[in-house]
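Both of the next two complexes hold chain A, though its partner changes from chain B to chain C.
Right after this comes the complex of A and B.
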């Protein structure tokens, strides 16, 4: 009998504000330890929080983008626990009246399937600092730069039933928050972190006991962690054991997970309303103004790419998911060769960026250079093979496609007369192959043309237009066959 | 509503307070009296009354998103019990 998997996600998204949620400290990533930790962030006695208006605006933008109700009255609660990177002894968060109520996102899955995942709610809260457990004479080092960074925690309903859906949901959220510009989306820096709740059950049975795998910060780790945990739970249950409700940690390097703490010793957070903060009231007019300023969302952009540039749904979906990639694409696609541009961006450019660990923002080839390159492919000046060479030179040395083609004499030979002559010469030098070709059955001939293509390309130093050579060669051979 | 010694143990552990064996009964008794007061409040019929999250009848003011705090690490770390390489040092805690 088969098993059903039930997955829900909790997603922490760092908001891209300049300053912290309750203090005027900078949120810039990578500063020297504790240089961005003020008296409020350190929880020195007598300090009071003053909330950042931008954090509310960003949370409302998210809510509107996922079709959610906006809580026009927001309260904050204290979630109490002791840990050295939480100097107040509590996290200021929202429990009773979160700013974003129930909403949903629609996912496009493989093979054209779609799925709606409901969002239970999303609330505003502050991030904690970081603990460094390297050896400081047996002590831990605490960096509070991150303490007080504004977060929204997005809580999904348990609507996902496998790793593919969970990853698609995570990617969709990433696309939404980066398109809105409310999060930089830098997962390696912890800008988005995923906690995955997983349980399995027999079809039709009530929900099984769930475990929570915390703090996954890449889509790949998330997929691996889910598959591993589902397998583990099924193994335990099929061996007659039972699942403990526990928190687990996945290690992406060792590809292993371990239990962190079990529910029995879990914290009792003793939430209560934060007396330092008054209710925050956002009126309908405010919400409406935020709504007017919502930029184009990934789904809308994908639909536009399909209608304006005739891209496939798949290509449009990939490009539209990333605002910067989309901007790059649109800047290049101005030349009317959208499909070719899309192929290059998703192919050679993405691959080269990956290899050199760069992002589209720092791509050495500008959209204008790409447009120039694509134009020379489209008008048959260069072959695809030559284009790759031009691209490599562009990437390493700069320059426009025309300059590179000129400098390296890479112009494709498309002169019919010249090509015909070369084809004739090659055919004359290979009488045996020609005889074999003519003796072969029709169905096998196409493949045998390869024997002539190589020498022809060699004779033109790879600069012959392959499409034209093919045509001329076919014509000449057909003429001989008659 | 009475609270027993077992709950006092749990609460003091969560709050990182050490309540001695001999004080435990007295603390339980005093917390029970506070909870009795809460019971009394909860007996009031509040149908149609919106919950009050803050005793002040006021609305929170928000600040503009600007960096206004300067780096005062040196001053803060001068009064910290232990700091090294810019980090605050604390007894090792690993989950």
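Right after this comes the complex of A and C.
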């Protein structure tokens, strides 16, 4: 009998505010430990939190982007637990009245399938610091630079039923928050972190016991972790065991997961309203003003790419998901060769960026350079094969397509007279192949033309326009057949 | 010189009868001579004080002095002071020096006051007798066998013993009014939100409020004026205009309606205390005020509600004292749990531990609704009681405490008896109202306090009510014997 998987996500999104949610310290990533921790962040006695209005604006932007109700009154609770990277001994978060209420996002899945995933709510809270367990001779170091960085925690309904859907949801959220500009989306730096709740059940049965795999910070790890956990749960149940409600950690290097703590050991967080912060009331005008300032969302952009640039839904979806990628595409595509530009961005450029561990922001080939390259492909100045060579040189040495083509003499030969002469010479040098061709059935002839193509391209040092060679060759062979 | 009021000191400084350095030195000498027995101070800062006094004298000479420039004051050791130890009377903070000033300290520094030192208090402001201090218990200058009250007991003892002309305090459930009452002083707890809590170490954030312990209402008005401010660093700080608190001090009380809550004169009130308060109320009637009996039906629920809410907030507020970043850390911790447990077990005294445990319990899963949520509901009912009463009256008056100062050790083994000390002050705190205690007589030879309660942000009216009484009576001018 088959199993059904039920998945819900909790997503922590670091908001790209300049300063922290309750103090004036910078939120910039990568500073020397504890250089961005003020008296408030250190929880020195007598210090008090002051809310950062930008964090509220960003949370409201997110809420509007996922079709959510905006809580006009929200307030903060204290979530109490002891940990060295939690200076106050409690996290200031929202429980009873979160700023973003119920909403949803629609996913485009493979093979044209779509799915709506409901969002239960999203709330504002502060991030904790970091505990560093290496380099301290068996002791732990504490870095409080991250403590107090504003987060929204997005809690989905358990609407996903496999890893593909969960990853698509995660990617869609990534696309939304980066398009809104409320998060830098740098997953490797922890800007977005995913907790995945997973359970399995027989169809029609009530929900099974769930586990929570915490702190996944890449889409790939998330996919791997889900598949692994689903398999594990099914194995346990099929062996007659039962699932413990527990928190698990997935190690992307070893591809293994382990239980961190069970429900029995779970903290009683003793939530209560934070008396240092007053309820925050957003008036209707405020929400409207935020709505006016929402930039184009990925879905809207994708639709525009389809209509303005005639891209396929699939290509438009991929490019539109990333604001920077979209901007790059649009800067290149104004040469009228949108489809070609899209192919290059999703093909060679993405691959090269991946290999060199770079992002589109730091791509050595500018949109203008790409546009120039694509224009020379479109007007048959260079072949696709030559274009790859030009691109490589562009990437490593810079320069425009025209300069590179000129410098390396890479123009393809499109002179009909010259090509005809070369074709004639090749045919004359291969009588046996010509005889074979003429003896073959019509349907097989096309394939046999390859025998002449190689030597022709060789004779032109690869610079012959392959389309024209094909055409001339076909004409000559047909003439011989008659 | 130490018999002068703040208003008189300010005048003497302006008229050059003495300099700030002279009066500061005078107080420092008195502290050196007498504080060994009174124990009002945790830290005395002679050098810092004399430097501030010299700067104040320069301002006075240059003619750019404020009302309080050059006046010596003391701060409760709950207000953070940059460069001077701030202990909250706890072993936990015995080594703590804040890198910032509390807004209250900053405001009064800017006004040119001179800080003599930091006064003793109950540990983390938890107590009504100052017996929970890590630094010993201040004595009541009226009878050194007795407590000065708490938690601002050091501030009250300092002012009553004339070891400071005036002092700051904080009040969560009565911590300014009760010691003022027990020491024959005028203490005002402003409306919640009137005085910034930035840099004031939190006990129960929704109740804590800074205020003044003075020798009379006029002095209290002067200091409150420089203490109150709008502070963006405290989200709960009110945006209400900072009134001229002394504006109506001399205005008549003719036609003012004073509500007398019947619940404040029931069982448990010491007879002589009750008599003194009744006499004071008659004095008000004689001055033209109308006395109206009022009903505050939920009064008896206030103490139990308070002892859920305040410990609950405290249990979280005190979590930061974990031995990790500052404060007391145990020797040679074996692991993280050991570090937490021993640092806190060693750093906190019994009453603080009791309240942390009570508070954590009241918030824990399964008990939240029965305790914390219920207590919050009671708090709203108590606020409504006052709101309804204030529809018919301008002020409310009654005893500050059920009895005068008690003996050291008398209540330490019975926390509930200690908690009932604040039976008349706690409801006011839960409602966030401004209130003042002024001396109005004696019981068994010890001072008795009259509590005056006003509408939200009507400190001006409360001070007027107090000052008018003090114009007609002399209880506030009496000082304990043997401390001349």
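Basically, the second predicted complex is superposed on the first by the 479 of 482 C-alpha atoms of A that agree within 3 Å, B and C clash if a C-alpha of one lies under 4 Å from a C-alpha of the other, contacts with A are read in each partner's own complex, and residues count from 1 in each chain.
Heads up, the rule we're going with is that a residue touches a chain if its C-beta (ideal position, glycine included) is under 8 Å from a C-beta of that chain, and two chains touch if they have at least 3 such contacts.
The structure displayed is predicted, hence computed values, not measured ones.
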(request) Could you say whether A:217 touches chain B, chain C, both of them, or neither, answering first, second, both or neither? (result) neither
(request) Applying the touch criterion given at the start, work out whether A:90 contacts chain B, chain C, both or neither, answering first, second, both or neither. (result) second
(message) If you tally the residues of chain A touched by each partner, is the higher count for chain B or for chain C?
(response) B
(request) Please indicate which partner A:43 is in contact with in the superposed arrangement: first for chain B, second for chain C, both, or neither. (result) second
(message) A:343 in the overlay: touching chain B, chain C, both, or neither? Say first, second, both or neither.
(response) neither
(request) List the residues of chain A that touch chain B in one complex and chain C in the other. (result) 39, 42, 44, 50-51, 80, 82, 84, 140, 142, 268, 270, 275, 277-278
(request) Over in the complex, which chain A residues touch chain C? Could you list them? (result) 39, 42-51, 78, 80, 82, 84, 87-90, 140, 142, 268, 270-272, 275-278
(request) Note which residues of chain B are touching chain A in the complex, please. (result) 10, 14, 16, 53-54, 56, 58-69, 71-73, 76-77, 82, 84-95
(message) Which residues of chain A touch chain B once you look at their complex with the stated criterion?
(response) 17-19, 23-26, 32-39, 42, 44, 50-56, 75, 80, 82-84, 96-97, 131-133, 136-144, 260-261, 267-268, 270, 273, 275, 277-281
(request) Spell out the residues on chain C that touch chain A in their complex, using ranges where they run on. (result) 79-80, 86, 88, 93, 96, 98-100, 102, 197-202, 204-206, 232-236, 312-313, 315-316, 318-322, 324-326, 336, 340, 360, 363-365, 368, 372
